[in-house]
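The following pair of complexes shares a single chain, chain A, combined with chain B in the former and chain C in the latter.
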Partner chain A sequence: MRRADSSEVGSDALDARVPRATWAAALRAVLPARRAALGVGATAAPSLVFIGLGVVLGPGLLGVVSVEALRHLDAVVSVALAALGIFVGLEFGALTRAGGARPLLAAATTEATITIAVVAAAMFLLLSRWSLPVPIEPGLLAGILGISSCASAAVRFDGPVTPDVAFASRIADLEDVPLIGLGAVVVALAAGGLPVAANVLAAAVVGGGVGLAGVLLFERAESAAERGVFVTGAVLLLGGVAAFLNASPLLSGAIAAVVWVRMRGAADQLVRADLRRLQHPLVALLLIVAGASVQFSLAVLWIAAPLVLFRLTGKLLASAATATIAGVAPGVLGTVLAPPGVVGIALALNVQQVTGSAEVLVSSVTVAAVASEVLAAALLSRPGEVA
Partner chain B sequence: MPEPAPRRGRLSRETRLLIVTIGVSALVLLLLARLRFPEPPPIANVAAPPLERLAARATYDELARSVARLETTIEPSLIVLRLAPRVESAPRLLTDLLAPPDGAGAAGRHVPALRISGTTALAAIAPDARIAGIVGPTDPGGTAGIIAMDAVQRVALVRVPPAPSRTVPHAQLQELATPIYLIAVEGTHAGITLRPVFVGRGDRFLDPRWSRPLLPLGGVAVTPGALMFTLDGQFVGVVTLESGTPALAGAQDVLATMERLIAGPPAPPGHLGISVQPITPALAAATGVVSGAIVADVQDDGPAGGVLQPGDVITAVDGAAVENPDRLLLEIARRRPGASVRLAVSRAGAIRPVELTVAAAATVGVPVGGEFADMRVRRGLGTMLVGVPPGGRAAAAGLAEGDLIVGIGSIQAPTPAQVRRALAEAAPGSHVLLIVVRDDRQRVVAVAAPPAAPADATR
Partner chain C sequence: MARAAALGLIIATMLFIQWFAPNLPGTPRTVALALGFALVAASLLGGVAERLRLPRLSGYLIFGLICGPYLLNLITATMARELRLVNGLAIALIAFVAGLELNVARLRPQLRAMFIVGATAILGMFTVLLALLWLAWPWLPFPDPGGPLARLAAAAVAAMLVVSFSPTVSIAVIADSRARGPLTELVLAVVVLGDLFLILMFAIAMQLARWSTGGASDVNVLPQLAWEIGGSIAFGAIVGALFALYLKLVARELTLTLLALCALLAALSPILHFELILAALAAGLVVENIAPPEGDQLKTAVERGALPVLIVFFAAAGASLQLDALAVIGWIALAVAAIRLVLVRSMTNIGVRLARLPEMPGGLVWMGLVSQAGVTLGLATIVAAEFPGWGTAVQTLVLALTGLHVLAGPVIFRAALARAGEIGRLDAE
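Up next is the complex of A and B:
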């Protein structure tokens, strides 16, 4: 997606254009990405498709992706989370390096905070009264639901966009930053074992260490292939070590990416170029795993249904407040930020990994994301009507 | 004419959407907060617990009814025997008064007896016991007494006051399926008590005293001598002590013993004329044998005289390993006098086979002209009792192995022959006074002369 100044926006994997000369082109041909054809946003199609595919292939239906396979895919999910964190970190680092980040960060943080607060408070009120059979303490569960709800996926539009839409898209990308930060804390709380501070620090140290190593290695590679190996190894290391420590691979990846951006050299550009090839497969895998992990139950319905409504309320309320602060049209902000992002589902998967028993959480967040996607599609303005 | 300006709403679409969303959310929140997540459905079969509860109540009620039924059906066939204390006339010293009373000697025990005929009953009592009376029906003639006893199995044919008796059916212990509830019949000073006891699953075991395996009753609170019945009134057996733990000897074995006792005096227990000790770790190190019975003393005139010697270790009897001295003595006691027995004897590290002929240890039951006791001369001192037949006159008089007879009548330091002559010449029904030394304490013991033969010892 391009802003009015023709700069690229969007670090969310689903925002990037699908390369034509790849296997995804076939998928694109079958599933038109044009919002007009589907009546929904272009970013809606991939998440709906891959989550739906995961549900169909999962243990609940065809069983192609069995429970055993999901267990083996845990390591791959950790790597995918690290890659997602890298994308968020690259965008954040680039923004801070370019300057003028503070207003955007402030707006994104405000929007995320209000959304998290509204959703977490409402869900905590309900969870504490319902006594659901969920192996996570109600307060923590409400916090995770709130944090995962603040993730947004910017809408794709054909052609140049207005400044307000571009601003909204930036907000959608940047609100992943407080999401990852708070997400690391809730992951540490859910994992137990190490103290929370130690857990978060460990994730940060891993990210910083791998980032520094990458800075030293990436530009010294003798060939593109060798550099590809280094980059892949760095991503594997980020995901693997963070998973071993029961920490947040999202945070590790984000910090590593910030190191690559902030340090002298072109490490960030090299990583962005190399990871672009893995971007879609990893995110698609993440969504398929999330879909396959969905276990439909009464508890999932009880959580997902109000979560969709409270998320929408939180988003609209936060957008209105942020728009007032930022001086943009509130309608644009609200409708652009309505579709849920992948990072929220990624956080739920991370919590499931560290607890080993949070299927209800993943199922609820995934089902709520799909429902929010459909709801947002019904609320999105058609192209050209965004003002 | 200029076109009229388009009318604009007071609120934008987004604001209206926000207000509606907030309103709906608040309403939904209030409604959902009143709900409670439904409890997970019970996994167990709902119908089972009530039936199980009913069955549990029925089991206890059924037990109570069974006990009440048994009281009416079998009580006429039961008698409580009051046993005399073991030592009636031991010399008293101040230390005896200050010493804590011995529960066994302070009062006689009460044991139940099961009528097998109008005037006889079976009871499990110790060989040295003496029947002092019965509880309940009066017995002015003092007819209650031991007719005959199998000293090895410790069951006795007892004479009881005449009364109508009914045949009590008996159950096969080998066919009894455990775990099971049984009724334990015990005797107290007040009479018969019947109470249910739970007998858990246990593997039956062989004991030299009995022909058929016994059922272990470890953990079951029953007293030795108790009679056991099934819930429907079938006699199962008697409780006996085997190696210190209670066990149930089957009714078949017990009734077979009664048949033998009724038919005639029991065969005296077999005897090899040896005394044995258990193998201690020190003895095992010295002899090189870890299991068996070590010979402590050998009677010169006994079957083992000149063949075995103190220090020999008997490791097997007729091929069966000897676990401890008690088992060895019991195994020999079950042999009829005159039967041969093959022993595996270890001496100086070498095991060699020894064949001996079992001799009669002593007569039991009706000691008419029977051996009074095994006696040895102690020159200048008197006659030492080295073997007191259980249930015999010597045991009934309170004599025990190790007692030294230092006087009989006017004879000082009598020899065994003099003791036998004095006892044989005593008039029937009279008593002979013996001066006996035990534990450095001299006492006077009255030995009864043999009574007349019983009038009715048959069914």
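Up next is the complex of A and C:
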């Protein structure tokens, strides 16, 4: 299997890196934990900070982000999910265009499948035994928890990295692809109404249609302002259609982005340039909404605690298996893939939108993501040290 | 061809998803969908309008009309209501842009003339319409207000609504056409001063109507007006000063900051009972006249920020046009519109002669005063709420008139700007 070298560690839009000075000055004196756990330095997604901010601002504490405000933010969340899907699709499309994607995708899919299977099976056993008061059927809930667990935030490093680390970073990027695909299915199952196949197909068709429309429009805009209108309109359409159909905006966005990358022209570059300034605000918004949606309860604790352990176990097992197949150091793969990514939380938010009553799910996934981040930083060495 | 194909794809997408609509549980969420569809499709139709030498915003309006609830229903009534969420932001942005265009030093020599033109047009139109409406009232399909005095008051209110014009649409046409010149400045000043004047006269007419129908008079009307007008200007000036400071000291992310400023004005104005147009205008005036920005940063920020907001605003306006009002009161509305057109032209030309303005652009000023839109509709809603009988009938007439004028007004004004040779001169400077 071809291994990526350090030069191929690309800029994943989801690896929203916050400038050190911003966080370091605010947090260094307050929290003594390792820098990676605080989102400072090596860790890409400062989920702790924004989720914490959401919890503080949410209805449970200050109430600045009230229940009413969360309802109004529903449309914005759909659009943010679509944009997130676009970022994933852009990276995936670029990788497939560059060549050599199949082995990486196979490795990522293997890793994701094992993680999902371990987590979903373990959570299903527990949920069936405990009979917790959750509005989602245990099998479906276990599936959603499993799928959201496979998301990883790639670690970013200054300076050159070893080929194993570069490979692991690519796997972390590509894991979002099976997550989005399976996520669309569970969203359709949770939503009800339309048959699952119709729901998923509709989201995919709309993604393709808007993607094609974008190819025809973006490069033919008469001005930068008009191009901005077309890009914004396309993102709104992707999120809006998915919201209308109770489908997955992540899937619609990802498919549209793949169309932009694979079709002739510079549509993908134009979208990337226009959406670049929205990367950090969108991720921050999703995390703040997730934090504000957290409702602490016994059920959440009973789900989140084992979820953290099962996720870590699943990740380590999956990394070991994948590393053996790919010929990389298992420790490196496990360490790089341990920190959770934003897309898992995004999936939980999507399910909450379509069911209207999945607060336990969002709370559990969010709390588990925070705990996983801390655990990964506290227990696992930096890949540079391992290598 | 590519644009037409893209428009076809977008419309096909909308039709495709509506096919699923009957099987969806609960009430579908449509806010983002409405915004996305309006942005892309209306923008494309705006381009078509431009190619036909019409204002782009006519394309946005026609998009709303065709895709709205009365025709294709791709934008349902619910979606049309959701699109109107940006109304406050759009009005604030448009008025702010107008303020940026008004350079007091340049306008000072002509202020007296502008006042004469505006006052003559409004007072002249009002007087003639008042007389006509009072005389014709028994033959109109309007309930009897009860007594000659009440009829006079009702006719005064109705005349005021018919006279009112839309600064929003006129300013939007100027911004859309990138126009600059004597006609542009004259129309801008007249619509702004006219808006002030109309607020005052409307308040007086409503007081008269309350008094004549035996309703309780609002003794606080003068202090309220003083607060509404003076307070709006002061509030807007403060906001403008803060923005000018930001421009000087920070000058980053101007598009977002500008939109946030307009959103702030739109959110606070109803709470504080300020007139949003005046507040935003004052903010723009302060920025332009006290701390004018250097370079093209603000201009670029305005272009990027204003375009999507304008598209959605006018698409929503088109989708909200009440075509059934036209069906109910069509012939009368057409007759009133024709009379209004004759009056606006003749009275404005009289004002131009009294003010001793040059023939060009003086003779074209009236073409910027034809449009009617949100301001008029808002006032009509107030009348209908307070006087359910004849007020509702007047509101129906105004709805029909607004539908006609919002479609025709931008076309007529753009033609005037073209004749004056002022289109695109903003970019040339």
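One rule holds in what follows: the second predicted complex is superposed on the first by the 339 of 387 C-alpha atoms of A that agree within 3 Å, B and C clash if a C-alpha of one lies under 4 Å from a C-alpha of the other, contacts with A are read in each partner's own complex, and residues count from 1 in each chain.
Heads up, the rule we're going with is that a residue touches a chain if its C-beta (ideal position, glycine included) is under 8 Å from a C-beta of that chain, and two chains touch if they have at least 3 such contacts.
What you are looking at is a predicted structure, and each value in this text was computed from that prediction instead of being measured.
In this overlay on chain A, chain B fits alongside chain C without clashing. With both structures placed on the common chain, the touch criterion links A:W130 to chain B but leaves chain C unconnected. Residue contacts after overlaying the shared chain place A:L245 against chain C, while chain B stays out of touching range. Ranked by how many residues of chain A each touches, chain B and chain C are led by C. Within the superposed three-chain model, A:G331 lies in touch with chain B and out of touch with chain C [touch as defined at top].
In the superposed model, A:L62 lies in contact with neither chain B nor chain C. Once the two complexes are laid over each other on the shared chain, residue contacts for A:F310 go to chain B alone; chain C is not touched. Once both structures are fitted onto chain A, a short way to say it is that chain B and chain C open up an angle of 70° at chain A, using Cα centres and rounding to the nearest 10. For the pair chain B and chain C, the minimum alpha-carbon spacing after aligning on chain A is 29 Å.
Chain A makes touch with chain C in their complex at residues 74-75, 78-79, 191-194, 198, 202, 205-206, 209-210, 212-213, 216-217, 220, 222-226, 228-230, 232-241, 243-246, 353, 356.
Residue ranges of chain A in contact with chain B, taken from their complex: 122, 125-126, 129-133, 298-299, 302, 306, 309-310, 312-313, 316-317, 320, 330-331, 334-335, 379.
The residues of chain C lying in touch with chain A in their complex are 2-3, 5-6, 9-10, 12-13, 16-17, 20-21, 23-26, 28-40, 43-44, 47, 303-304, 307-308, 311. Across the complex, chain A is touched by residues 12-15, 17-18, 21-22, 24-25, 28-29, 32-33, 35-38, 40 of chain B.
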